[in-house]
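Taking it in order: structure first as structure tokens, then the write-up.
For reference, chains read A, B, C, D, E and F in written order, and residue numbers begin at 1 within each chain.
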Amino acid sequence: MQTIGLLKEPNFETRVCLLPKEVERMVKELKTNVVFEAGYGSKQLVPDETYQNAGAEIAQKESILKESDFILSINTVYKGQELKTNASFIGIFNLLFHRDRLENYLNTPASVYSLDLLPRTTLAQNMDVLSSMASLSGYKAVLKAAELFHGILPMFTTAAGTLKPAKVLVLGAGVAGLQAIATAKRLGAVVEAFDVRTSAKEEVKSLGAKFIEVPGYKESESAGGYAVEQSQEYLQKQKALMKTHIEAASIVICTANIPGKKAPVLIEKESVENMVPGAVIVDLAAEQGGNCELSQNGKTSEHFGVKIVGNSHLARELSQAASQLLSTNYFNFMKHLINSSKANDPLLEGCMVLKNGKLVHPLFIES
Amino acid sequence: MEFIQNNLEQIYFIILCAFIGIEIISNVPAILHTPLMSGANAISGIILVGAIIIMLDIEPTDYLNLTLGGIAVFMGTLNVSGGFFITGRMLKMFNTKKNNQK
Amino acid sequence: MSTLIEMGYMLSIFSFLGGLKFMSSPKKAKQGNMLAAAGMILVVALTFYVGLTETVPYINLTIIFLAIVLGTILGKSISNKVEMTKMPQLISLFNATGGGCALILGIIESQFDASTSGLGNQITLIVGLLTGAVAFSGSIVAERKLSGKIKEYKTKAAILFGRSVLLVIVLLPFLYFSGVLPIGFPAFIFAVAGLSLLYGVLFVLPIGGADMPVVISLLNAITGVATACAGIVYNNKVMIAGGIFVSAAGLFLTILMCRAMNRSLLKVLTGTFKKGNKSSSAEAEQVVRELSIPEMVMQLSFAKKVAIVPGYGLAVAQAQHACAQFQHLLEERETEVHYIIHPVAGRMPGHMNVLLAEAKVDYSNLKEMDEVNDEMDTYDFVLVIGANDVVNPMAETDEDSAVYGMPIIRAYRGKQVVVIKRSMNTGYAGVSNRLFEMENCALLFGDAKDSLQQIIGQLKMI
Amino acid sequence: MQTIGLLKEPNFETRVCLLPKEVERMVKELKTNVVFEAGYGSKQLVPDETYQNAGAEIAQKESILKESDFILSINTVYKGQELKTNASFIGIFNLLFHRDRLENYLNTPASVYSLDLLPRTTLAQNMDVLSSMASLSGYKAVLKAAELFHGILPMFTTAAGTLKPAKVLVLGAGVAGLQAIATAKRLGAVVEAFDVRTSAKEEVKSLGAKFIEVPGYKESESAGGYAVEQSQEYLQKQKALMKTHIEAASIVICTANIPGKKAPVLIEKESVENMVPGAVIVDLAAEQGGNCELSQNGKTSEHFGVKIVGNSHLARELSQAASQLLSTNYFNFMKHLINSSKANDPLLEGCMVLKNGKLVHPLFIES
Amino acid sequence: MSTLIEMGYMLSIFSFLGGLKFMSSPKKAKQGNMLAAAGMILVVALTFYVGLTETVPYINLTIIFLAIVLGTILGKSISNKVEMTKMPQLISLFNATGGGCALILGIIESQFDASTSGLGNQITLIVGLLTGAVAFSGSIVAERKLSGKIKEYKTKAAILFGRSVLLVIVLLPFLYFSGVLPIGFPAFIFAVAGLSLLYGVLFVLPIGGADMPVVISLLNAITGVATACAGIVYNNKVMIAGGIFVSAAGLFLTILMCRAMNRSLLKVLTGTFKKGNKSSSAEAEQVVRELSIPEMVMQLSFAKKVAIVPGYGLAVAQAQHACAQFQHLLEERETEVHYIIHPVAGRMPGHMNVLLAEAKVDYSNLKEMDEVNDEMDTYDFVLVIGANDVVNPMAETDEDSAVYGMPIIRAYRGKQVVVIKRSMNTGYAGVSNRLFEMENCALLFGDAKDSLQQIIGQLKMI
Amino acid sequence: MEFIQNNLEQIYFIILCAFIGIEIISNVPAILHTPLMSGANAISGIILVGAIIIMLDIEPTDYLNLTLGGIAVFMGTLNVSGGFFITGRMLKMFNTKKNNQK
């Protein structure tokens, strides 16, 4: 019988990666033991008893690390403690951008699966933590912007005059971007969106928003529909067009990303300075460097009266919803991991960074 | 009885024509009511044919009847021509771009 | 030879048929009119040709020819000159000429073969003459009424008198043919003609002016009967067919028109008006013009610039989607459509915005009241949907009104105004609305969503 | 030529009561002088020059007070300085609830118009600051709740399971309540609402929300559609029904008010304790005592995991939109005030509390 | 006496007329059927009565009587027993009997007054016989095809052969009547009958099984011609009228049916199939069943429990409002409607939620995939709107498929499945969908919004 | 020519009937196509009348033709009765609650 260990997340984390409902399924469906640190669900307002009722047992952090075959967390929580042989860490470690986090794991008996690297195949959809979190972030980004914006989003005709609808510009129409579009549309804003992928156009329109087209994109829909880097000339053209749209917008939601690469800079300092004071930029790509030149990861700053929120983890503010989705994602991944019989399962290979303390992932070995 | 037997064909003809008259307009959209009324009115001016036929029979010296007949022909023609012209004018107004169905 | 003529006749019968058929489809109506006209020309030409071959005196032919030419020219010029809004009058007038023609025909014919022809033929002749006379005088009265020259004259006495005349007209032939009446055939004919003319007047007089279109359609059907009778007398298939087509179609059309106005033919003829649940409030009854959906769509189809004024009723009916669909339909027909949003329309600030945003109405279609209030008269058609107080002109004129001083959308300045609401109930402010009584305004009673959906259905057909 | 004075608002205030656009109209249409304190529009990011370009002049606070015929502000800013004879203060002073604020004005040469007392007649609609602010508050209340709520409002079907739509309960379907309903509906929540006025039912339904009916209300639609106090029995019935609905809701927006009276208490402590942890209550009636027993005016508290926002001035957070509406309201009021020729104009009488330093308003004299 | 019979005949002509008229209105169709049947009984009774009065030998009368009784009993029992889905076969079979009847009639008649009657009559006789024979054999083949007993047999040769036979049939009478052929009238008749029977077979053989309803309608019209010819021969107005009604209505109906299938009659008859822009990918062509909107609505109208599976196409077409309206219409007809939402339908999580919320679909109508996947077979009708990958059964069966392993909505388990999409293009995953080939699945090609609006239009009519 | 002249009434009759036949179903909703086809099929069984008429004329000893005629009557009846019955059954299925129009 394999053991699954749940460790308390760092303080800044509001989510958990396994809720009692999925603990129960782990125990019942996957026939595993689940052990957890006391107070594991406290941020979610889930008392320990609920976890215990679901079939998990309380344990000390050290013993959890020592006895578990699988150690589940969202963030890196391992500091070099003793481990079981063949133990596996499963989390969303974002190691490509934080190579330093690898160090603690190198040369341990442990394997490390980082779910952000999961190939985005159809089969992996129900374990796809990036999609889950991105959608929540997209939703939250609009709410956050609406909260910070000192005007209102919908049009508003009253006896005291008419308030114009806010213009919302969404950069990058991936998972987060589409959700942002949908949410802003719901609130009655005038929404424009931009993306380099040509198929994005139809997707944007299917949500009733306007798509800004920049001619001359070179497509390459390999690697699961991700974007690829573009020519300098194209980027130039794009920027010029973008600039006018940015400066007309009251709210800009940035979600443009290129996996494993620095995020493209789409909003320059100058554009920000030309925006109307009081405008809001929410940059979900902040962790990857940000789509806005001025955005600071994890901080809300102000420049020329424009508020810039740099936050790639807005999903944390929806802790309950996020935990619910993560919990299902983790469960599905564990189910796949435990039941997988294939020798080289592409899903597992895609997200396994370390095998028994050795780097095995191509993206890490190459460079 | 006998009358029916003799005029069977005529009766069939009339009934069938009436039936067609009703049938043909039973699905007319309400906005065409007025033009259709006008068109039907023009057709009813076919009485003009009757006026012509009778004119052909009148003695060329029977001035009273010639005058009456002339008036009848004139009135019938007015009904026919006016009716068709005005219907045409009415229908022209529907000529907004309406054929951009997908 | 005569076979060729028979076939020509047959051809024109079918051209009438086809013409009527096409005329009942919006797309082909124009061709239909052409076709029927072509058939008419054919049959007239054929008849005239028969005259030419049959050695008829030239004077007769000349008269015929001149009368035809004159009639055509006059018909063309009249119908070219008349204003669009006067159409029904004109149709009525033309119908009168048709009826008059039948009347004269009957009179002439009665002199010719008074006693020679059988009883059947005589009866047919009388019916033709009678119906022609009624159509003639009735149509003229209808025309006068439509032009407002004669007012409604609806007393019990008139109605009763009309019915007695009808009775006499029906009894007279019985008396005559049973030999009770000691008069000659011509005298008898004149008596019938005179009485019929009288009855035509009495028949139309008591009917309300708004119902005249229905009456005209009915009189048209009556002319059809006259024509068919004449056709039977001359044993002329085209006349029979044409007459029967017109009378059957006309009668049915009359019924359809009544149905579209939500009234029964009987009620129209007796001049009874639907009372309905208007003005449940204690207010003095307002006199308003009620409109049927087809009439409204007909007017709408001529408009190039339309304003929609939405109000609380749109929200109550949840008719926003229907409204947007309606707008798109109009736009497809290249009509310009604006929504004019009053600041306090609805029950909360921005109420209309919420609704229209939900229906994905483009913000560029929305106009603010102040923006357009001075140019309201550029709108051919103003459709007020479930709004009341915000278009109440008393806010501008009546100092004692509870809404006095509130800026309003000057819907009343539109060339045509139609208000969709369910009843004569007042709006939020509880005051009656003078707009409804205005001359350019008509009411369309019903739930906003239902009404709009029906309008959409009709609009799609054009 | 009459002079209008604009004084800087206290620090907590983010709005201004006159924007440059209306300043210009004051000058041009009403032929008045406008003087203002330097930095007047700074919170709105409107520089002094803009005001000056609109025709206003900068002056010291003291001289403004001394020279103006009309002193416009939102909050009470007068501390007993010297005044012009017949000067008038115009503001939203909420004096019925803050009688103390009257003291500074009593026995001065000044008159005081408090716009919150404006009769809600049709004619007054374009000066109705309560309506303007209430609508913005209603909108903001939902956004605030959505921001604090750790779940999401719309239903959300994803590969990682379905998130249920949040249940939003709106108490009081007046101006603010209706706006809250509309906003929550837009965001995809399941919305229920309750009000004592019977006409509220149709209004609620016209926004597509569900109306909770409590039988036995005694109507009295006098005084411009305001609610009147109800029998004890009715309130009992109402509370019992409310309780079940409150406990099922994730978000409760409270807007129930009775003008000039303490707000009805609709949510008792017990109900709050029975709500799901993580739920949010936004109480817009907090200043009038609150619809929720536990709400604290001007504070966000937490009880049993339920966040309770007591804030009657959420419109302040939409400073731009709010200033725009207020500015129009104030302008319209001034226009009416200056142009009014009637001896006893019901509008002006309705909101004039002090005339030349003497109490004249019936509501204040009575008690 | 005979006048009464004539009037009876007239009555039944009008009952046929009224019957057909009513049958074309959904509300009165049942009465229409009754009316026509009543007319039929009347005319048969009258004819039989004539026999009784005209001193016809008892044996003849007995045979007639027995045959009628037997036929009625058999007809009733067959039509009671047959399954609903086998209807078209049965209609075809009944039509065959009608054609057969005409054929026999022709043969008997040809012996009686072979030479006595004029040329006109003889030609009419031959036409009647010929059409009867074609209808007879053609209908039988059509029936066989529909039951799947005969496969499509569409070779150039068959078609050519068919056309030559037709040529011979047309030429034969010319040759015979010009006296070139050295055979007697009966022999000639038998030759025509034989060739016609052959032609009937060859005519229907090459036509696709899916087009059989159209062919049956056409054969039905042909029977009508046979009947009318017989009517002319016997100078019987009812037979003429009935035959002409049926042939005209049948022909027009055939055209309407083709139009509803978006094909021309000619293409149906020559067996050409619309190719369209199917399968632009390199995949092996899939064989799918295409459905017309009326057919779909017909099936839908029998369903008590309907599932709607929305997908990305619903969003692209922005058909959410139409979809909601469709749902409400079904619900008004007391049909239970569920939306089944796949977790990854659309292009972002919650995509379908956003759409359906916008259209105000009640949350209680939404079902999650897991909730209902095990009871998909309880749905009488599953309508897939613009979804593809999420209903692809290959995710369950085909290990090599790109979608393998993804949980899907088991739409394929529904009793009937219809997929609305524009083409045979694949969905996001780029894999072809086995569902489309399944027996219980049909495709409705077109934009989702357009299609839904048309469906709504049709649904409203029932 | 002469033929036309002689049979003018007959020709009118046929053409008018054909016209009515077409007209009458020109607005049939597509879902009624099948039932209507079936109903028309039943009516075309009127050929049965022809069969009866011919049976009345056959010599009682002409067994061959009697048999043939009997078969014809039988077939015609089958067409008529089966057609009407099956149409009735088909139409009954439309009987879902459909009359709740507002």
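Just so it is clear, contacts are C-beta pairs under 8 Å (C-beta built on N, C-alpha and C of every residue); 3 or more make two chains touch, one makes a residue touch a chain.
Note that this is a predicted model, so its numbers are computed, not measured.
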| item | value |
| --- | --- |
| Chain-contact steps, minimal, separating chain F from chain A | 2 |
| Farthest chain relative to chain F (centres taken as mean CA coordinates) | D |
| Pair of chains joined by more contacts [C-beta pairs], E-F or B-E | E-F |
| Far-end chain from chain E, centres as C-alpha averages | D |
| Fraction-based call for chain D against chain A, same above half, different below | same |
| Intercentroid distance (Cα basis), chain F paired with chain D, Å | 78 |
| Where chain B and chain C are represented by their mean Cα positions, the distance between them in whole Å | 18 |
| Whole-Å separation of chain centres (CA-atom averages), chain A against chain C | 68 |
| Inter-chain centre distance, chain B versus chain F - centres from mean C-alpha coordinates, in Å | 34 |
| Sites on chain E at which at least two other chains make contact | 17, 21, 237, 343-344, 349-350, 354, 358 |
| Residues of chain F whose C-beta touches two or more other chains | 12-13, 17, 19-20, 23-24, 26-27 |
| Shared-contact residues (touching 2 or more other chains) in chain D | 125-126, 131-132, 135, 154, 156, 158-161, 186, 188, 208 |
| Touching residues (chain side chain E, partner chain A) in the complex | 312, 315-316, 318, 343-344, 346-351, 354, 358, 389, 395, 402-407, 429 |
| Chain E residues within the chain B interface of the complex | 2-3, 6-7, 10, 14, 17, 21, 237, 450 |
| Residues of chain C defined as touching chain B within the complex | 16-17, 19-21, 23-27, 29-30, 32-34, 36-37, 40, 43-44, 47-48, 50-51, 54, 56-57, 59-60, 63-64, 66-68, 70-72, 74-76, 78-80, 82, 84, 87-88, 90-91, 93-95, 97-98, 100-102, 104-105, 107-109, 111-112, 120, 132, 213, 216-217, 220, 223-224, 226-228, 230-234, 236-253, 256-257, 260, 292-294, 297-298, 301-302, 332-335, 458, 461-462 |
| Parts of chain D lying in touch with chain C, wherever the complex brings them together | 121-123, 125-126, 131-132, 135, 175, 178-179, 182, 186, 202-203, 205-208 |
| Touch list for chain F against partner chain C, complex | 1-2, 4-5, 8, 11-12, 15, 19, 23, 102 |
